[in-house]
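Multiple structures are listed underneath, in structure tokens.
In what follows, subunit A forms one complex with subunit B and a second complex with subunit C.
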Partner chain A sequence: MELARDLRKGASLTTVLAPVAGAAIGLAAVPDPVFSQAMVGPGTAIDPRREPGTAIAPISGTIVKLHPHAFVVVGDDGRGVLVHLGIDTVQLKGEGFTLLAAEGDHVTAGQPVVAWNPAAVEAGGRSPVCPVVALDAPAESVGDVVQGDVDAGDLLFQWS
Partner chain B sequence: MAADAEAIIAGLGGADNIIEVEPCITRLRTEVHDASKVNQAALKAAGAHGVMAAGNVVQVVVGPEADTIASDIEDIIG
Partner chain C sequence: MAERKVSVTSEVGLHARPAATFVQTAAKAPFDVTVAKAGGQPVNAKSILSVLALDVRQGESIVISADGDGAEELLDQLAQIASAS
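So, the complex of A and B:
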């Protein structure tokens, strides 16, 4: 069982797409220790463009958790990617976020999941920075992390 | 491995010490009566990835199972 899992891990490479447009700045720049200290996994963060936008699925898979301000997509290989739209945005209780998919839906990478406005989040006094996390992944398994400008749907990092 | 709800309650100083537990997608945001009763080492042993305390607000980082763990805790403490 364990061996089969290792073999599968060794053979797979997950391409994680940028869920939003903006500047990829790295997790260390996120103003929240859960993300900046990579407590839930490695990855990066995107400082989003301050315009109404749509967060897309970073990988293909099932939406196992969907909150207005955050979601988790788990691929068929069991790997989960978390997208968190802004920091402390749970406090907004969904205001300003529109769900474009439902928990339990199967989505393909690039499919719209949540519409939101980073400018409105910032105007409310919160950071709109979006951590994108390879949940529970070993730090060294995340590579080719893009820095700088990305459009939604661009390659963000590889998870080996 | 999912964190253990019973052990998290104990690490937070027991059910009587817990005012509120609110799940965010990666963490439990809890408010306690007495922060000195919170045992960070016990919370980590219970499966928490990390613990952040500011006054009486204690955030227990448990990963994406936070929702499930929070409802387990609420079921136990009523």
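So, the complex of A and C:
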């Protein structure tokens, strides 16, 4: 089935960029089993710098879902990447997040999507760690996962 | 074709943990499984992208459909996941 999908999509390679600046720590370090056990999908997570920042689009494509605390960008090849800004941040109901794009917008990789402040999320008692997940991807399709310091827009992982 | 209509009661809707559990359970089935908002277009229930994009909020109703050996049992499981708070 995975082979069939590769054939259908021409075995493309998706370069996923770091949506925020910080330290790439891997999904296993996320304090939420739904991400740390890769239930949502493979990828990594970034422990963001504790300063006001902007989350950018990790790939070029359409913003199919935009919540203040999370968004999904789907590339022209149909591949979707989820960026989740902090853990349990749905409970903030958008407070502290400013949308810089709109659902349905076509964005290029690196374009600002949401402004937020990881320090404020942490001060509110929540983890600001940001999972970046390849949706519907087999675990082995994600590689070249960067570890350590990244700036927003740096290569984060490759999705083959 | 078997189906279940349930109201999603989780505070986060069919996102995060409920969505991941829902999709993982559906993906085990050897037959097609779809989910739709009541009156809406069905999407692949085995795709986390499709389920997240469906954007089911708390209190909304969904229709889960499947056809195959064991469909009734699977739909019971999925209905339970979707309606768990």
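Simple rule for what comes next: the second predicted complex is superposed on the first by the 152 of 160 C-alpha atoms of A that agree within 3 Å, B and C clash if a C-alpha of one lies under 4 Å from a C-alpha of the other, contacts with A are read in each partner's own complex, and residues count from 1 in each chain.
By our rule, a residue touches a chain if its C-beta (ideal position, glycine included) is under 8 Å from a C-beta of that chain, and two chains touch if they have at least 3 such contacts.
Just so it is clear, the model here is predicted, and its values are computed rather than measured.
> Judging by the criteria at the top, classify the pair subunit B and subunit C on subunit A as clash or fit.
Once subunit A is superposed (C-alpha atoms), there is a clash between subunit B and subunit C.
> Using the superposition on chain A described above, determine whether A:82 touches subunit B (first), subunit C (second), both, or neither.
In the superposition, A:82 touches subunit B and subunit C alike.
> Should A:139 be classified as contacting the first partner (subunit B), the second (subunit C), both, or neither?
neither
> Which partner chains sit in contact with A:102 here, subunit B, subunit C, both or neither? Use first/second/both/neither.
A:102: touches no partner chain.
> After superposition on the shared chain, which partner residues are touched by A:34: those of subunit B (first), subunit C (second), both, or neither?
Once the two structures are laid over each other on A, A:34 reaches both partners.
> Just subunit B (first), just subunit C (second), both, or neither: which does A:65 touch?
In the superposed model, A:65 contacts both subunit B and subunit C.
> Examine A:90 and indicate which partner it touches, taking first as subunit B and second as subunit C; both and neither are also allowed.
both
> Which subunit A residues contact subunit B in one complex and subunit C in the other?
Looking at subunit A, the two contact sets intersect at 34, 39-40, 64-65, 70, 72, 80, 82, 90, 135-136.
> Tell me, which parts of subunit A touch subunit B in their complex?
Going through subunit A, the ones touching subunit B are 33-34, 37, 39-40, 64-65, 67, 70-72, 80, 82, 84, 90, 135-136.
> Please name which positions on subunit C make contact with subunit A in the complex.
12, 15-17, 19-21, 24, 47-49, 52-53, 55
> Tell me, which parts of subunit A touch subunit C in their complex?
My answer: residues 34, 39-41, 64-65, 70, 72, 74, 80, 82, 90, 135-136.
> Quick one: which bits of subunit B touch subunit A in the complex? Just the residue numbers, please.
Its residues touching subunit A are 22, 24-27, 29, 49-50, 52, 59, 61, 63-64, 67.
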